Amino acid sequence: MSTSRLEAFSDGVLAVAITLLVLDIKVPSVGGHDDLGRELARNWPHYAAYVTSFLTIGIIWINHHAMIGRLLQADHMILFLNLLLLLSIALLPFATSLMAAYLKQSHGQNLAAAIYSGTFLLMAVLFSILNRHILLRKPQLLTSELSEQHRRQILARSITGLAPYAIATALAAVSAYATLAICAALAVFYALPVASGGDQRGE
Amino acid sequence: MSTSRLEAFSDGVLAVAITLLVLDIKVPSVGGHDDLGRELARNWPHYAAYVTSFLTIGIIWINHHAMIGRLLQADHMILFLNLLLLLSIALLPFATSLMAAYLKQSHGQNLAAAIYSGTFLLMAVLFSILNRHILLRKPQLLTSELSEQHRRQILARSITGLAPYAIATALAAVSAYATLAICAALAVFYALPVASGGDQRGE
Amino acid sequence: MSTSRLEAFSDGVLAVAITLLVLDIKVPSVGGHDDLGRELARNWPHYAAYVTSFLTIGIIWINHHAMIGRLLQADHMILFLNLLLLLSIALLPFATSLMAAYLKQSHGQNLAAAIYSGTFLLMAVLFSILNRHILLRKPQLLTSELSEQHRRQILARSITGLAPYAIATALAAVSAYATLAICAALAVFYALPVASGGDQRGE
Amino acid sequence: MSTSRLEAFSDGVLAVAITLLVLDIKVPSVGGHDDLGRELARNWPHYAAYVTSFLTIGIIWINHHAMIGRLLQADHMILFLNLLLLLSIALLPFATSLMAAYLKQSHGQNLAAAIYSGTFLLMAVLFSILNRHILLRKPQLLTSELSEQHRRQILARSITGLAPYAIATALAAVSAYATLAICAALAVFYALPVASGGDQRGE
């Protein structure tokens, strides 16, 4: 299969998932003597989780493009692994809602944070597995010949990117705020052009 | 009509439908002494139905691509049958919600399972009708000449794929769990690269 | 502006609108001694309105493709009229919900039907205005030279297509069921390949 | 990165965001002696905000196309700034809902209007920053050579377009109706072909 329709479908899922995130930001219904400003401010976990998830999907989109751009053709294994990756990304609107809803609650905040960060970790793991299949198992499908050393470098960066999400997920047992802070910091760090020059997470 | 915009529109509908599935996974609202983990675990039918439907739409997308990829041009009948196929696919977020909501209920679980599996069966039937029209009625629209024997083989595989869904739908009268299990097993089986090599369901 | 991104954006809006229609089909919540089958059957206006709106958007997509396919380039007026057309199409999920919710109610059913059919009429009017602009005012933007007679024929068919929707909208004052029946019949008639050969509504 | 997938992803997000706006127009539930017509009429802020936001996203799409159309390639800074622009656009369904829900309320209407207009202002600012980066910092990425004077002219128009949104946002402290009226007038003015000839806002 040519990669153009694979890209079009993946872009579609990513574009819908990233735009559905906004459905979690609800308009507060404010009674007579409540204050809209205070209600909106109280919802800050929803905005923080929105920006974090939005930037993270954006980074995945950039890295996905780079990964697929190296391919001439896709075999069935690539389609299958890509589908699993999309499945994990499409879960993000749920994980983001869960995180935002429980961040400030006394019960459940640790579990919600672990699921939120765990979804990012799952995405990063599936991304690395797909990347590994492409770079090590199917070099003949690549558009340009890359030395094995170069391919292993790209993959090593991809796998190194898993560590911070593993740490953030583990830290959820201690503090949901710490987990969100790490995920947000990672999103900003990877999205910022300075951190990269083509060296974004997952590549 | 050229097939490129037909593919683009179909990809769009499939991408939106597959991503809307997540809207059925609701964030549970947990009271004072309830446990978020237990509430989330109790919702397992939603996750099972989500993964099953997601993989099934993914398989349809792969097979749809193969089917349309054989075409040089689309006539009005192809557009019409494709529209009916998309209509059945776009129903999946509803059928998935229904299945997940009633799987564990004493009333309605058999009907919900029959509708869920029946939607898959409808999709597979419409896929086979469209495939039959392309392969047997309009061979002159194909990109490469295929022998009639080869075309009949592709179609036979497509029609053979209907049987498991018909069985799953019939079994819904006995056990909704059996229906979901069959649909899930089919989704995993067809999605796995081993089962295929281009021989996926519907082709 | 080249027409390819105009087509891509229009396809995107059409694909999202057509797929969002399913959100109106709600999973019924059934109490102890209610029957899921009866509840689902009671919701038939939602299924009828769903199929009608789905097929109608599908027909618009086909005609839209034919209309834009005649264009080499789009001027600003075409972008503006196309945006208004998309605005009316994007309203359909609301109009469809309204129609389905009020069809069986004693109060409001006539108004709901008038708004439903009126949205289709608005879409058809905007389609004709856009088609008129392309065919009569900007023939220099067409890909192939069409005689003025031929262009006027295409346009006449487009305008003739308005009449049934005007009648359906007027009939809403008498019977909401009649309005839905006409809209459904038009959707099936225009979608069926027999009625056409490139002569679909709006062309 | 080539600009084609950047355009495809941006188009996807814009198409989903513009179509999700309709989810804010709710079907009113009318009791025994209420009147559907009166209920629908009472919801006019939702229709006004819908049309305003729809046209504004449409204008952004046109201008975005013109901006990216000048590019041969995208660097990482362009991807990053474009992602921030999409983030602000994807917030519009929320801001539109908020505006429509509070326009007629005694409490909160000024804040809601400020957030609504402020989201437009944010979009326009991010658009100008991205345009500035492309025109002044990366002229070597442009498809055709533009004189520095011409590039500064395009950018000046883009920055001039910020003023009305800044005024509308400031006026929200006085009257939410005035803010909506200005935003609506700007949307119609910029969408109308007369106002432009390629000179739309943001260019």
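Note that the chains are named A, B, C and D in the order they appear, and that numbering of residues resets to 1 at the start of each chain.
Assume contacts are C-beta pairs under 8 Å (C-beta built on N, C-alpha and C of every residue); 3 or more make two chains touch, one makes a residue touch a chain.
Computed from a predicted structure; not experimentally measured.
Participant: Quote the value, from 0 to 180 degrees and to the nearest 5, of the angle by which the CA atoms of subunit A must be rotated to coincide with those of subunit D.
Facilitator: Superposing the C-alpha atoms of subunit A on subunit D needs a rotation of 90 degrees.
Participant: Note whether the interface between subunit A and subunit B is symmetric in residue numbering, meaning over half of all numbers used appear on both sides, and answer same or different.
Facilitator: Under half shared, hence different.
Participant: Per the centroid of Cα atoms for each chain, what is the distance between subunit B and subunit C, given in Å?
Facilitator: Here subunit B and subunit C have centroids separated by 26 Å.
Participant: So, what's the distance in Å between the C-alpha centres of subunit C and subunit A?
Facilitator: Computed value for the inter-centroid distance: 37 Å.
Participant: Of all the residues in subunit B, which ones touch at least 2 other chains?
Facilitator: Residues 8, 12, 15-16, 20, 23 of subunit B each touch two or more of the other chains.
Participant: Give the list of subunit C residues in touch with subunit B in this complex.
Facilitator: Subunit C reaches subunit B through residues 7-8, 11-12, 14-16, 18-23, 25, 27, 29-30, 32, 34-37, 40, 51, 54-55, 58, 61-62, 65-66, 69, 191-193, 196-198, 200.
Participant: Which residues, counting only subunit B, touch subunit C once they are in their complex?
Facilitator: 1, 5, 8-9, 12-13, 15-17, 20, 23, 75-77, 79-80, 83, 86-87, 90-91, 93-94, 97-98, 101-102, 105, 107-108, 111-112, 115
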